[in-house]
Every structure is written in structure tokens, then in C-alpha cells.
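Take a look at the following structure, please.
As written, the chain order gives the labels A, B and C, with residue 1 at the start of each chain.
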């Protein structure tokens, strides 16, 4: 089942299947397009620079790439801490090449939902998660999914930078080491350098690789954490309020970084700063009291939201 | 009049003075005046100022009185015929004292019966003097304090000042005790080092404490090299016991904090604490009765023919078991102090729990764990009963755990229990050993605390 | 685009690596569980061994013996048994020879070994109770000698066991274990003397350590200025808490016995030594308890005009009391089990009568256990273990009390 938001119809090489449209506009199916047979993920050679798409999605966004299947899809997720329900029937998609922001007042479940995506809620004994989450079509909660590999594929950056009390090099090398991603020191060095470059920390850190990671400034530490997550070659990066503990200059650097990373990774970011969400994301989901109230293009959410609650939040009525 | 009578007397007088003061204060109150402090405070003030000087005096007088009495008795005519030899004379004096106080009917020496009346006389005389002075003090104190009772008198402040000084004195007792330990150990050790050279003691490798049998024998004929003792202590306490305690303690702590479900942990943690609560004499008996024979059989069965029934292994094993809760609880605290964010960060990268523990948590908690281990070593080194009951008495520098070695604490007990003349090198050696033990454990404790403190700073 | 194909995770080599990692995880968890299990097993082993070997100490074997008093050689005047000289009369009567004769008559040569000190004592008590017995021939149940008792419990030598088999014997509760003191004959030993000594010693310890400890804690937490002297006091207390207990024994020997000349082996000296050892524990527990009382309570009391001292004694201290008591009980439990320092101050002597006051020579239960463990007589093994059972029960009760107090009264602010 697909969830779509209506926008300008796009030339879609794939046929849409029946969709549950939460739509105000034209249907998502474009009858002018011939249906494309389902292909094996690995064999996809997509025209128009498309990414893998076993089941076509006619979601109709036109930023960046054209239609492609969501990288991760969550359906009817509910989370219970003991008796208390923290999330109620949340359904969202996270796409490649796109930054998806989760906004909402504090305590409304955004971080809880984020933690469902890489099964970090498993580490909390009293937490219970119901619903389906898929990555590339695979159910992440099934017994066949290896949680250890999942967490490498879906990386996470936390609110407060949490580098290990090890050297900068060791911080970044930790992930590749335990997952056996490098054969030999030379390859490991390469991975570390590449990750630090991508995180924008290489120039500042290359002469200090053996120094402790905790000796860096706040902003640098957060970039180190991002480098650490990148080092295990993830497909998705989850960011839980990554800038809330940083000063404005460091924040700006991180936002810049997010722009650069967008090309490579699907990014989901939780933020309580609406301006930040507007700056960095293409899709935004508004959470309130454990429910996802509205999900759509960032521009729409911030200028012309559907729900009254969203409108109230954005105009600062509460939160 | 004896001193205890005097004690009761001054207590009664002080209480009476206090009650008198309260009456007066109450009288002032009902007369319409508004007092600065409650009548009870006036009462306490007067009572304290009456009592404390007299009590202090009595505390100082009591030991002095003993010497004064003895002096008087020795000066009396009946004492002139006493032998010169110190030991006999002291025994006679002691017997005379006991006869005079009615504890025994008659002693072994006839002279004591003759001396008894002199004793009784002198005791009565000096007790009267002491008691008299005490009562005088209590009356004076009470009198001057009573004069202060009045509407403007800040009795409460006065009382509180006295209480504050009492609090201060109580706290100083700890310093006094430490001082007492250091001084007494030092003093006796210095006397020891006059008989045996420090180099022999610290670096000698033969321990066979003999002592001169008579005063005029020149020097002692034994050797007091303490190296075998320290080796034995280290072997049993720092090596064997730690080989048992560190893995078991650390892994137990890891299991309880990271893997055990909450209900299980709530049960198991107190059970491990019980290990720490069992008296060491029980451990010693257990080691001697059950463990040592088993170890010996095991040793013989694997071909160690010199396996003794007082093996270092038996003592070390049981000591290790006793130490497990120390290591476990320090490790527990240290691991729990590592911020959750560190654990989350590692798990979010796809590490398994054991990888997180081995590569992130433990290295982060290491200073605390090391501090805990050092404290445990210090405890093991100072442990006495297990080694006295299960380890041997023969100073032996061996690395074979099935053989018997002796430790510093065993030797201290050995040297001091038994009829020894206090001045001999043998008994003084015990103090020298005690001094060494004190210094070493102090050192270990300081380093351990430094470690733990440094580590705590890193996370706060 | 990612630089690698996403299917690398399902590579053969990757799968193997992940499987290895999970195997390592399982092993690690197993080691942790094994460590805990092993530790608990050691404890269980210790407790069970002590319990097993000690249970016998609470019972004794009694043998039925025919005694023909009129025909025996016993020289005892029934009239003498009624007066105050009865104990002397019994002592001089030659009960042991008479017992031996009766035993040999009934059970054959060597049967005198079946009866010992306990038998004599019981017989003496029965005779004083009922001097009429002297005129009759009776069959009395008498406690067996320690040799026979050991044999009845399965550990004796063949000759005695064989003799025992010929007798009519039974197993009964042993009251002398709990109401008599140390002796050389293991059939008459009891722990009463040691218990009384322990009680008196702990009394002295409490009376000294508790007030000094609490007052020091109050001073250090509430009144002490932050200067070098206070630091010195704090450092001293923390160090004292970690000094080996035998050092306190040396201190006691050097100061209390040699300089102050107090009576050797008395509960007074033992109590003083243990008080010095326990006081730092109470101070530390007291400080933590006082520290945990929130400042809002102090502010409230100060706000109505109470003086600092009144705030502390009327408000803070009562609230901190449960924590202080818990720490005190734990400290006392530790003092209860201490042996080494008391050995140093002379409690190693053989004390055959319970102490009458705190200045008479005494022994304490752990020291008694230590002394008995040295005995060669096999009968002492079970008595030692039985004494250990009593000691462990005390420890359990005290620690249980401390835990109960902590759970019941612990307040979370």
C-alpha cells in the first residue's frame, strides 16, 4: 500500500498499483504510462537515473530524482512503554535523496519513532513496538533481519554528541572493525579518511587523529559522530536533534553537511527548530501527542498545511 | 570513699544544680519576664558547666591515682623487703592490690598479704583526695553557672557552644586513632630496629624468629628477614586470590548489570553481598576443614608429591571467594557510571552487546574497575583469619601453589599470641610487620582512591 | 548513490562473520552467567558444608545405664546433697570410678570409654535433684562421652562403635551446647560463655562507636568549616575504614593493654578496639544519610527561626536516622564477626566461665570458633561447625534487619 501526496503528475515509467491516496488532487495513476514489469532489485537499470524500485511508487515529488520506492516504509507503528502508549498508528516513508524532517512539540513521540527505524527501542526493556517497518521491502522486525546489520545500514546521530573516549581514528574505525569491513590497515585508513572527509572533519582532524575524540569542540564532536556513522556505509542516516546542543555556527556547519550528504544517504532528522526543518528538508512530518498529524512536502506544510493542528503549531500557538 | 562513689556524687550534684537553675528560670518567667532561652537550656547550661570540669578531672586523675598509690606503697616500711627483680615485684604488687580490693583471698607470695593493708590505705587516701577535688569542682562550677541565670542570659548559645565542642572532639577521635596507630606502630618498630637492623628485616630472606632467652645474652640468634612473608602474602592475596576474584567478580558484575532481567538481579545482588558478610573465621575454618584436603588430594592426583594440607592454593581460593563481592560491586558501580549515551552510540552502530561491553564500556569504566581491584588486593593482603587457619607457618619462598607459605598477618598473630615477654625482639617484630602492612595498605588505598576520583572527574 | 551494492550484507563471508559475532555474544553471556552461578555455588557449598557438619553439634547421644547405687563404691551422704556444700560433695564422691564400674558391669571391658565428663555432670545434677536415688538401683539415661558421641554419629573407631552397638542409646537435643562455656571435654562444651562475652563486647562497642560516630558525622557534614583541618579529619576517617582489622588489634595491645594497663582479654578492651574499628563505618554511613536530607527541610526550619543546632538535632538527624541505623547495624555485624583484633588483645586464653562484667576475662564467639578449630579431639569438629551455624544465624538476622530497615524507612525525596 502506498501513501501518496498529490502534486504535479510526473512521467512515470512504472504503473501505479492501487494506492490509498490521501489526496486532494489528481489520482496518482497516470494512464499514459505503460506498466513496467516487476524487476529484481539487483537488476534494475533504470532510465532517468532512477534508483532501485521493485514496486513502483507514484509519489510525484519532483525534487531531485523521479519516482522511486521509499527506502524505508513504516506502517501503523504504535509504541507502548509498559502501559503508556507513546505512538499511535504512525505511517511514514523515508526516501533516498531526500531529507525527511519530523517536527512537533517536545514529548510527542518524534524521537521514539526515529528509534523504531533502527530498532533502538529494543534496548529498552519496557518498550513494545507494533506495526510494520520495511527497508527495501524487508520487514526489519522479522526474525530473518539481523539487527546488527540493520543498525549498520541505518545509522544514527544523537542529540548530544557522544564520541567514545578513544582517539578520533579509533572512533571512526570502531564500526568498520566490528563489522569486518576492512581487510588490513591500509583499507581501514582509507575508510577513516573517506568518512572524515564526507563529514567535513578531515582538514581539521587529519593531523590529530590520535588525539582523544572528547577533546574536540561540540560541533566537531557531532561531525565526528556523523563520520562514525558514515564509516559503516549506511543507507539511511537518522539524526535525533543533532544541533540542539550546538552553537549557531556549528549548527550551520551541520546543516551544510546535511545538504551534502543528501545525495548519498536517505536522511531523517528530528528537530524542534521549525526554521531548521524548513531549511534542510524536503519532506516534513508533524507529530503531535504520539500521532503523526500530517506528512507532506516541506513547502506545503509550512505555507499551506492541511490540518488545523499543524497550522496552530507552525504559527506558534503552542509548542 | 572510692572514685565510683565520687562519680555518682558529682552526677547527682550536677543534676541538682541543673534542676535548681530550671526552677529559677521558671520563676523568672512566671514573674512576667521574657527569657532569652528556654528554662531547659538554663538547666543544661548549669548542669554541663558543673559536670564537665569535674569529669575531666576525674578522667585525668584515675590513671595518675594508680601510680600515686603504687608510689606510696613502695615507700611504706612493709615494702622495703621486696626483691629487686622487676617481674617478681610487679606480681607481688598486683596480688596485694587484688587482696586489698577483695578480689582474692590470698596470693602465692606471702609478701603480698603483708602489703595489702598498705595498699588499701593508700587507695582510700588518694581516692578521698581525688573525689574531694572532683566534688569541689562540681560545686564551684555549679555555683558560678547558677549566677548567670537571668532573663538576658543566652543559655541556649552557651549550651550550643558546649555541644559544638563535643562534636569537634568526637571528630578528632578519628585523627587521634590514626595518630595512635602510627605512633604506637612506629614506636615499637623503632625499638625493634634497635635490636634487628632494618636492612636485615626488609631485605633478608630467612625468617626464623628466635629471641635471646636471658637478658645477658648478646643479641638474638634468629633471623628476621621478612621477604618470605611478603612473598607469601602477595602470593596468596595478590596472585591466587585475584586470579579467582577478578574474573568471577567482573563477569558477575557485567552479567548482573547488562544481561540479567530485573527480577533476577534483585535476587542475585544481595546473595553476592552475603559472601562479603560471612565472618572470616568461618571462611578460615571452611578452608582448613573442607578445601585444603580437597586441594591436597587434587595436587597428589596430578603428581605434585609435595602437596601440603596447608597449601597456598586452598587459602588463596577461599580468600578469592571472599573478595568476589568487593570486585563485583566496584565494577558494577563503575560500569553503571558510564553514560548511557556511550552504550547507545555503540549499539546504534550495529555492535552486539558483548562488543559494546568489551570495546566501549569496559575501557571507559577501567579506572574505576582498577581502583576496585586495588582496594580488593588491599583487603586480601590485610586478611588474617583465613591464612592463620588454612595457610602454614613455615616461611617458604616457593611458586608452587600446593606448598605451604606463611604470610605477614599469620606471623603477627603467631608472634603475639603465646607467653612472650613484651620487650623481646620476637614480639617487637610483630609491630614492625604491622607497620609495614599499614604502610602498604595505606598506599594501595590512596592509589585506588586517586584512580576512582580521576575517573569520576572524567564523567562529571 | 551508495558506493557499494546493498547486497553485500548477504554475502557468504559477511554471514559467517555475523554468525561468529553472535556466537561470541552467546559465549560472553554464558561466561557472565557461569561466573554468577559459580559464586553462588561457592556460597551454597560453604553454607551446606557448615550446616551439615554442624547440625550434629546440637544433639547428643544418650546411653541407658544401670546403676545399683547401694551396691556401688560411691561414698556419698544423701544429707550432704541438700545443703550448700552439695557441689563439693559431688566433686569428692568419685562419680567417675563408679560410672566406669557400672559401665563395665553392664557392657563389658573398656565400656568406661562410653561415659565421660557430660555423664558425670548429668549424674551429679540428677543426684542433687533427687538424693533419694542413692538408695535405689535405677536405669538412667546419661549423655555419652565425646568418643562415643562421635562414634554414634558415624565417625568413631571400630572398637567404640562395636561397644556402642551393645547399648541402648538414643539421640536427643543437647542443652549444654547452649548453656555452658568452654571446656576441654567436647561433650560438655557450650557457647554460652562466648555468647555472653560477645554480648558484653558489642555493648561496649555500640556505646562508644555509635555516639562518637554520629556526632562526628554531624560535625563534618553540618558544622565543619572547609579548611585543612577538616580535610585531615576526613582523610583520616576514610583511611581508617580501610585499615586491616589486625592493625587495630596491635593498637589495642600497645595502647589499651600496655600503656593504659586495662585488664587483658576483657570485653572493655575488646569493645574499645572494635569501637575504633567500627566508628569510621558509622561516620561514613551517617554522612551519607545526613547528606541525603534535602536542603529544603533545613531552609524551612531556619525560616521559622531555629538555630543551626536546633535544625540539625530536631529536624535533620531524625530524618537521617534510618540511614544511620542501617549503617550502624552493618558495622556491628562486621564487628560481631571479627576475630583477629581480639586475638591480639589476649582473648586467646581458655576461659571456662562466662564473664561477670566488662572487666573480667571473656571470649567472643568467633574467637571461640577459632580456638576450637585447633582442637584435636574429633568431637570438636561438629561443635565448631555448630557454633559457626549460630554465628551465621546472628549475621543473617542482623543483615536482614538492616535491609528491612533500609527498605521500610528509606525515603525518596
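Here, contacts are C-beta pairs under 8 Å (C-beta built on N, C-alpha and C of every residue); 3 or more make two chains touch, one makes a residue touch a chain.
Quick caveat, the model's predicted, so the values are computed rather than measured.
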| task | Decide which interface, A-B or B-C, involves more C-beta pairs in contact, and give its chain pair. | result | B-C
| task | Would you kindly say which chain has the C-alpha centre located farthest from the C-alpha centre of chain B? | result | A
| query | If you average the CA atoms of chain A and of chain B, how far apart do the two points sit, in angstrom? | reply | 63
| Euclidean distance of C-alpha centroids - chain B vs chain C, Å | 19
| field | Residues within chain B bordering two or more other chains | value | 352, 355
| So which stretches of chain C touch two or more other chains? | 21-22
| task | Scan chain A for residues touching two or more other chains and write them down. | result | 148-149, 152, 178-179
| message | Considering only the defined contacts, which chain B positions touch chain C in the complex? | response | 63, 66, 156, 160, 163-164, 166-168, 170-175, 177-178, 180-181, 184-185, 187-188, 247-252, 254-256, 258-260, 268, 270-275, 277-286, 288-290, 321, 324, 328, 352-355, 357-358, 375, 378-379, 381-385, 388-389, 409, 412-413, 416-417, 422, 430-431, 434, 437-438, 441-442, 445-446, 449
| What part of chain A is in contact with chain B in the complex they form? | 118, 120, 123, 125, 147-152, 155-156, 158, 160, 162-166, 174-175, 178-179, 225, 228-229, 232
| remark: Given the complex, residues on chain A that touch chain C span 42, 51-52, 136, 146, 148-149, 152-153, 178-180, 233, 235, 264-265
| task | Sort out for me which residues of chain C touch chain B in the complex. | result | 21-22, 24-25, 27-29, 31-36, 38-40, 42-43, 46, 49-50, 53, 211-212, 215-216, 218-220, 223-224, 232-233, 236-240, 242-248, 250-251, 253-255, 258, 260-261, 276, 279-280, 283, 307, 309, 333-334, 336-340, 343-344, 348, 366-367, 369-370, 373, 381, 384-385, 388, 391-392, 395, 399, 403
| message | Touching residues of chain B toward chain A in the complex: what are they? | response | 261-262, 339, 341-352, 355, 359-360, 363-364, 458
